[in-house]
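Dumping the structure here so I can ask a few things about it.
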């Protein structure tokens, strides 16, 4: 079979960011590839420079709907550091609870998506069913299912009442039973093993070299976890451990994520049991003194970095966001070469973005092993012409 | 459309159309929140398959296009193409604040502010993100529109809005009934 | 996790290449110039065992461009190596040769800020759409969208 | 035998095409409903597959650039005709009026046609995903078809006839082939699953990899007819496996009036096809999709050798027991 250019993306049946892979395949094997991740660029960093701190927080919640708490926490953490603001302990605990709930919901979502990528729809349905437990907890606490808007500069917006805490324990118990069930499922299911083991392997040296973060790095044995290394919120006040694995493949990443869900359960329980009394927010000044802060945060997908520079005004001079997906991208590109196209979704999903698959405009020029691609202009004129013709016919 | 009342076969086709709306979800630069809520509709808690709604990967198989996100400049042409790929009769739901107007991203340098600047929209859903209940409600509203369109013989009766946007710089592609 | 680095050890390692200052509890900022960037990165990588490139931040403060390479390692102290580039000719040697992870950040900065990374193997468009005009960099402070220019979307509209 | 009128009723109404199409819709409904229930969902209403079919018939047909319209129009019809014809040879309420020596081979041959037509559609669609899906469909066919054939032909060896009716008659006298040849039965079920392109063998239409494979460019009535023919393949395949391994519609003892025997046979047919559908659904629900190279491994290493072993055992049994 000649080499075929297979564009994957930017639209996908499952979900998440539109991404485009221009993949050259020979038969079913990937020869080389190029990534295009620009579909979602909205210009948030520019907008963040033009809005004041109060308005930037909700904007950043919408960088990504799945880790909205991560982005806002990373930002308010950085601004509070620049303002040298002491945040009440209760606020830190509530932020931690929401952060860990978000991590669990994101990992469950990921497990479902990974199962969906290999066509295992039952697991997909079940994990998303159990995700609803977390969504209920979040909705009871914060009033929204997905973008919670808990954070503000100086603290949090909503408090936990005793009733809520009591209800949360019941939810957590249910969730723990289900997660234990998934641990068994992942470890014992034959098809999961066949599709995940040995796929997208990344050695520890490579994981460091390509700058991977989060579960991807931890599955390769790199024990970097910002919650331990550069502790923030309330993480240094409770017992928990960093989950690592040595498989280095998609299966290892699955195990790491499942282990992290169990750790998150412990953290949330601890926080709910030891929630300190006191106010939930302090009044923040309008402006921030000149400072340069690198705010690191362990988002569900890995290390999230907000580089913030303030300049005595009520706006940031520069906000540079480095998302975990961008850091993991290079490793994906490297580990995809020489793999089977059937493994693309699994490998790419394993770092937890989602790729998409419906761009359907390519022409293949089979004979001389040359690939050709219609440019968008050609395409546009073609489609216009085509629809004119069709309407006449 | 003829003035005579629709025959039994047309009525059967319309009944079937109302009973089996297949959707395609297109992320035109959204923050994923709308997407995961739309996917959550397919899941056991909400399970839209009981209304015959199926999510399809190929736009060729879809009846309703759900567009999330403020339509980034790069996605605009793709969105138009996906929309062109859907066979008639097709309906578009603009989902969330971003899909309706651009939301928090309104006016940024890389977005085109809302779905209706690119393709004609039939139903708008408010919320950031809308709850799954509201998404189901939007699909039901879309089905009601289909029914209404069927009795009135096409989409022309509510085309005013599309023409207005086309005057204001929106595209003027008329949707054949 | 090993012991955090101290300002003294960093100054010693960076001897003559750049000046170090402690900016926060576990972050040390090193100021250097474009010519010594490579050397300082290599020193950080080898002597200070920084094996993880966190981010390359690009800042435009209105008069000058600043590139800040944030690195860390098992000691979990962030080493930020900062260089300043003139606005007229923002050029620097690529670091993707010594740190493959930096390739994608450099592409992003090239797209948004217009900083040229010499020797980069594939400095192509990453973030902006394909219709975006050349030589327009939205993250520069003085950039304003020009109503007459076509930036993207569907041609002939908006 | 029947007269012409009876034959026409048999072919066109009951248990022929009309019943077949309705039963295929009902079967699809059962399939989706039970899957949904197993996934903790409510599932679609009863008329859902019918509504889907009518809706697709009424939708616009889009011809991608450069495709051969006529070929794309004809291909689904060919697939439909092939599987409908195959169905007529499978006994439903007693011996099929069209039965002849060797109809088993004809049915098996006709059942492979939808896959080949999917490949052709994929190739004609001028779309990478469809092309790759088509190539995958054909690759998969080469893998599962051999064990599937072997598994279904082995009962014929034992019964000493290539006619499905004779095989059923043999089972009526002795016992089910599912009991005598358990390995063959399992291989046949897995082969059927692969033929129907259901999880874990939905490689040709893997949604997350290649959108919908050969189906990607199908629209309107083409999609409707192609899906209908896949549903009918589900019915025909289940009926065939039920006939060859589970004794088909024949009761183990003879019942006096013909109409009673036929009705009971019909009920048996429904029950047995339903049982096979249940097995297929359980496999689907409890597994993920495997890769084509893994299928290759499984198909040739395990399925084919299992089918060969079964055949060897049967030849030995024939020699020692039946032949004696």
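Quick notes on this structure:
Note that the chains are named A, B, C and D in the order they appear, and that numbering of residues resets to 1 at the start of each chain.
Going forward, contacts are C-beta pairs under 8 Å (C-beta built on N, C-alpha and C of every residue); 3 or more make two chains touch, one makes a residue touch a chain.
Quick caveat: nothing in here was measured; it's all calculated off a predicted structure.
Looking at the partners of subunit C and subunit D together, the chains they share are A, B. Under the contact definition, subunit A and subunit D share the contacting chains B. The chain with its C-alpha centre at the largest distance from the centre of subunit D is C. A count of contacting C-beta pairs for A-B and for B-C identifies A-B as the more extensively joined pair.
Per-chain Cα centroids separate subunit A from subunit B by 27 Å. Separating the centre of subunit B from that of subunit C, both taken as means of CA atoms, is a distance of 42 Å.
Separating the centre of subunit A from that of subunit C, both taken as means of CA atoms, is a distance of 23 Å.
Each chain gets a centre from the mean of its Cα atoms; for subunit B and subunit D, those two points are 37 Å apart.
Shared interface positions of subunit B, i.e. residues touching 2 or more other chains, are given as 43-44, 56-58, 72, 74, 77, 85, 109-110. Within subunit A, contacts with two or more other chains are made by residues 12-14, 38, 41, 43, 46, 125-126, 129, 357-358, 360, 376, 380. Multi-chain contact residues of subunit C, defined as those touching 2 or more other chains: 128-130, 138. Contacting chain pairs in the structure are A-B, A-C, A-D, B-C, B-D. Of all residues in subunit A, those touching subunit C in their complex are 36-38, 41, 43, 45-46, 81, 208-211, 224, 228-230, 292-294, 296, 303, 305, 307, 309, 317-318, 320, 322, 326-327, 329-330, 376, 380. On the subunit A side of its complex with subunit D, the touching residues are 1, 4-7, 12-14, 28, 115-123, 125-126, 129, 189-192, 194-195, 340-345, 357-358, 360, 362, 364, 382, 386, 390. Here subunit A touches subunit B in the complex through residues 10-18, 38-44, 46-47, 58-59, 62-66, 68, 109, 125-126, 128-129, 131-132, 135, 145-147, 356-361, 376, 379-380, 383, 387, 391, going by the rule given at the top.
In the complex of the two chains, the subunit D residues touching subunit B come out as 32, 36, 39-45, 47-48, 50-55, 57-62, 207-208, 211-212, 215-220, 223. Taken in their complex, subunit C has these residues touching subunit A: 1, 23-24, 26-27, 29, 51-55, 57-61, 68, 70, 76, 78, 80, 99-105, 108, 112, 125-130, 138-139, 155.
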